[in-house]
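The same subunit A turns up in both complexes below, where it pairs with subunit B and then with subunit C.
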Partner chain A sequence: MNWEEDEEKLLPSQRPEWSDVSPLPQDDGPNPVVPIAYKPEFAETMDYFRAVYRADERSPRALQLTHQAILLNPGNYTVWHFRRLILETLSKDLQQELDYVSKIAEKNSKNYQIWHHRRWLAEKLGPDAAGRELKFTEKILSGDAKNYHAWSHRQWVLQSLGGWDDELEYCHQLLEEDIFNNSAWNQRYFIITKSPLLGGLQAMRESEVKYTVAAILANPENESPWRYLRGLYKDDPKSWIHDPQVSTLCLKVLTSSGTNHVFALSTVLDLLSHGLQPSRELREAVDTLNPASSRLDSQENSSSTKDSLGNTICSVLEHADAMRVNYWRWRKSQLIV
Partner chain B sequence: MGELAADKHVEYILSVEKRKDSVESAVMEHLRVNGAYWGLTTLDLLGDVVDSDEIIKWIMKCQHESVPSTWWKNMDDDDALCLQVVLLVMLAIQVLALFNKLNVLDVDKVSNFQILLDCKMKMDPFPETSGEKSIHVFCCVAALAITGALHYVDKDLLGWWLCERQVKSGGLNGRPEKLPDVCYSWWVLSSLTMIDRAHWISKEKLLKFILSCQDMENGGISDRPDDTVDIFHTYFGVAGLSFLEYPGVKAIDPAHALPVDVVDRIFFRQ
Partner chain C sequence: MEGEGAATERQRRATASQVDQWAVQDHVFKIYGAFASIPRSAQSVILELQRDKHVEYLTRGLQQLGPSFVVLDANRPWLCYWILHSIALLGESVDDELEDNAIDFLSRCQMPHLATTYAAVNSLVTLGGNKALSSINRWMHDAGEIDVRACYTAISVASILNILDDELAKGVGNYILSCQTYEGGIAGEPGSEAHGGYTFCGLAAMILINQANRLDLASLIDWVAFRQGVECGFQGRTNKLVDGCYSFWQGGVFALLQRLPAFGGEGFGTSDVEVEWVSDSTSEGDDEDRDSSDDNEALHPEQDQEGHQSSSHSPESSTAVHIQHSRHNQLEPLFHTMALQQYIVLCSQEQEGGFRDKPGKARDYYHTCYCLSGLSVCQYSRSKNENSPPLPTSVLGPYSNLLEPIHPLYNVVSRQYHDAQDFFSKY
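Up next, the complex of A and B:
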């Protein structure tokens, strides 16, 4: 690939090698509405691109032209598409092409076409490309830990090309740096459920619950591990409600003062809806949190004690999570059988 | 609470076009056509304060260089959850609806696609594979609203996920543990509005948040307080205020993202 700057500045009409080609102007129709006033260099480059694209000319000069078009607009899918056709026809070195797209990506880390091109290349290169792709996404994520394209690409690489060995450790590092990184929790879930090296969700549940409980106790206001914990019991609510670690965790959080209780309360409410038989300690912990005015309203109906606990939780949340007061009122209304 | 500095925002929008050498102008170079939509719709939402002569002058100047970008993704790709796909499906439905040509679509098939996407996102216990999650939701819900298929959506479940986007400051984020951003006043609030669950957030706190993102001296709205303003966030902030029924701001249609009177005019003509 020729990177010399002088070459890049010359337009096709200024190059002798393009003298045989008639540029094909864009057809905006007879009465274009708000026609776009393209810069001359853009219009000319695309006119020549249209000519070679129409002629399906898959030559080195056409490849160079796609590069110039990409510099003008890295989001033009048609150009990238045609570039791929040329790369195949000319049997170009795809590792070199990865170098190329890495350079273009430097200033375009959220461009769909670039990531798509990268995926196409990696797929062609096969499992050998896995290491490089994982390194590349790691680099992007070190600058932007939540870049969806990078995560999406990384997950695709793992599933299609492999490289699972160090992924859990990588996730762990990211969470050490920022325990609130929801993307890293998400990746952890992805690994636990999909990695061929780990045995699946049920096999990993025990150790993951311990890990998650520790994270929650350190920061009970952290939404991500609460969701993660719920996810560990996906499709198995019975295990979820019967696992003493879960209710013990909720009790611990609810009895800590000066702590955000919202997620713990919300979790207990969900547990109740799935059949949890609450302990006396849990009831007392919730009652303690109930503002005095609400206690006057709470029902002490023994035939629906589960509902009365749910009722109390909703009352507490109407105050503790006042922003969503209408939601909690609605949840309360759903408790009445 | 602060007030909406409508006059300042109008001035700001009209001035952006003039500042060609500014950083913002350069950054927005490839988004001129989009910028026209954001700017023009905002001006229209702000109703009475607009000088139509100024606008016409501005529109004529809007014939500027714009680099066209094609968003078509290879449909053979397994990753049908790409934002581009749902966005394109929604855009197609919006345009067809405005031209009264929804009949050219197999509406059931399209609705099923959007529903499947919506369902998948909700069934995923850890729905975090997309940074544009809230945008995905908006695209699906808008498409389903227009095709008359909203009854397939679990509004309670979706409403819950959406209302959880409101953080302490009153702003809305796009997904868990991310910072609030004024643009989610559109993506999240329009979705909540379409499924009738907008009352599940604190409107007052959101209002306060949006107003705190204004540049009261030079006009414009930013993504969050004290950041630099831009046309994109000015539009989404004003659109959000429209849902919150801020006095003086016209009503906006949550599915078409156009002022209600414009949508009515188009449909009435048919």
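Up next, the complex of A and C:
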């Protein structure tokens, strides 16, 4: 199907094969709102589409018509839906249809209908389509590493069709390129929790913590690995508070100067709320960050309890993370006295 | 020279995310810097909502759209809703002729797609009145694309039409729950990335089916709170760029949470929605004098909010969570409402009418709708309910910037929502 050909630019009314069809005009009523000033070629193509759609004509010419309609407006889900019906009825080659969709997707990588169509095709083609779909999403992601549809599709392919083998490595590559790519971190989480080739979250935790700690130390201001680290202990707060790597990491970050401390402080606060018994070094590191005025206020509570440490952390954050001052005040109010 | 070398080094090692982020930050900070440096009188002018221009832009859209809008052809009910809702937020109404045309158009729309059903229904509710409301044909639709949006739109429509029931709610709660990610936000599908739009939809849907308590709310709040960046606006996902539309998607999450009885809110004004796990202890905060802020001062990221004292108190039970109350019975929102208003008004607002994603992007009706919706959320963030008008300290710029309050679950203007509720309760 080569739409560079001039022949394809002929509108239905100019083609003899459409002479038997009466085009159906759009009926928006006499005075429609949000009326779009359609170009004549769009209006005509859609008028003919409406006719075949109403008649439920699933023919080669109807298929061709959906193609023209798609070119003019790839966002019309009715056209895509009808195209699928035709493809089924005519038992068309779906690999070829994938070729077709790939071309359309080049300029429309954020279009729901296209991705939905792809998913439908891949599902029909089965596990054999896995390789191709992974390649396709990889291509899209190479131009737009956070494309939501692409990631979503990729996850669906892995779960429905397989192809997990190289996924963790792929994720790693993306993170090497951009350690701030939260989509890649999210994918990593997906892999370690869902991949049939790996042992599951608990089994992977050890190595993942090491990986994540390294990422954090490289860029402590990067929110993604901090949340990822927290996620590694999802539903397992005991391991979270007892893993020395976590508190060590926080201490390291808190005692480096010129570093963003917000996530480290937030993490310690979280650990405390789950029962962490803070070390003296951790306490001191937090106290050091405490602006002088607050230190005076909390002097009475300065030494021992974890809740006063939580209090101090919230006070520090109210200043260090001023955008979230109300949030930290609220967190403070939530500390159980 | 050494400084330059270091800067180049920094640039060379910078990732794509960092480069993009710094570019936006630079642009935004330039705007804030320029604002801070002009005289007070000039500042007041710039902080004004360009109501007339916005209404002009919006009305034009309703009357006639150019051929480039063809891509939205299948989603004209959305255009309708974005425009009508924006006009309603500005406290304006549409002339009778346009209104009739809108109703007529919407009732002719074939809507096999759930999202457009939502848009159409919301448009008609916004228009209000018997004609619009009776023209809604009440029906249930199958979702074409199963994701969290479908859950929200289906439930929202059913709820507003007063036909929400157990059959519909069954299974949806489990699904949305499975979409909450390790980050705390909610994704479009299980496994996908936490995202502002889906987080709003997911939370709203859960509230509508009385299952919000099944979510890890602490984790959700933490994620949303961190989506507000130094630019003062909200981003949709971690480490992505600020975008004006998230003023509503993310800001609206706070509006939803605040209304939950568990957070000291009054609920949602309908008998349908009751959160069962609520502890009904509420403790009033100490009476505190509020420092009234000079609301014309530009906020730089380092600055604090209005400078009021925190009123801390202990919860009466371990299950209750509270937001601080003041003597005016106002709630403290968990995000920086003045900063967000600053982003919307200074960075998203176009002086010629309409709103945009960020400086450098073109305006559009979608962003106009959600920037205005987000602005309304900010303005009413300290109001216990929509009947208590906000204090001037809650409104950035002149008090005339005040918009209509919305019902955060549906994002339609409150008054119209209640009118529709009354109408459909008779069926």
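Here, the second predicted complex is superposed on the first by the 320 of 337 C-alpha atoms of A that agree within 3 Å, B and C clash if a C-alpha of one lies under 4 Å from a C-alpha of the other, contacts with A are read in each partner's own complex, and residues count from 1 in each chain.
Here is the rule we go by: contacts are C-beta pairs under 8 Å (C-beta built on N, C-alpha and C of every residue); 3 or more make two chains touch, one makes a residue touch a chain.
Keep in mind it's a predicted model, so treat the numbers as computed, not measured.
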{"item": "Partners on subunit A (subunit B, subunit C) - clash or fit", "value": "clash"}
{"item": "Contacts of A:P35 with subunit B and subunit C, given as first, second, both or neither", "value": "both"}
{"item": "Which superposed partner A:E177 touches (first subunit B, second subunit C, both, neither)", "value": "second"}
{"item": "Touched subunit A residues, subunit B compared with subunit C", "value": "C"}
{"item": "First (subunit B), second (subunit C), both or neither touched by A:S333", "value": "second"}
{"item": "Touching partner for A:N147 - first (subunit B), second (subunit C), both, neither", "value": "first"}
{"item": "Residue range of subunit C overlapping subunit B upon superposition on chain A, of 240-248, 276-284 or 312-320", "value": "240-248"}
{"item": "Contacts on subunit A seen with subunit B and repeated with subunit C across the two complexes", "value": "34-39, 42, 72-73, 75-78, 81, 112, 116, 146, 148, 151-152, 155-156, 180-183, 186, 189, 222-224, 227-228, 230-231, 234, 322-327, 330"}
{"item": "Footprint of subunit A on subunit B - complex, ascending", "value": "30, 32-33, 62-74, 77, 79, 82-84, 125-126, 128-132, 156, 159-160, 163-164, 166, 170, 175-178, 199-202, 205"}
{"item": "Subunit A-touching residues of subunit C, taken from the complex the two chains share", "value": "15-18, 61-67, 69-76, 79-80, 83, 97-98, 100-102, 104-105, 108, 110, 112-113, 144-145, 181-184, 188-189, 191-195, 221-223, 225-226, 228-230, 232, 237-240, 301-305, 310, 312-315, 318, 321-324, 332-336, 339"}
{"item": "Subunit A residues touching subunit C - in the complex, by the definition given at the top", "value": "27-39, 42, 72-78, 81, 112, 116, 145-146, 148, 151-152, 155-156, 159, 177-183, 186, 189-190, 194, 222-224, 227-228, 230-231, 234, 266, 322-327, 329-330, 332-334, 336-337"}
{"item": "Contact footprint of subunit B on subunit A as seen in their complex", "value": "34-39, 42, 72-73, 75-78, 81, 112, 116, 146-148, 151-152, 155-156, 180-183, 185-186, 189, 222-224, 227-228, 230-231, 234, 322-327, 330"}
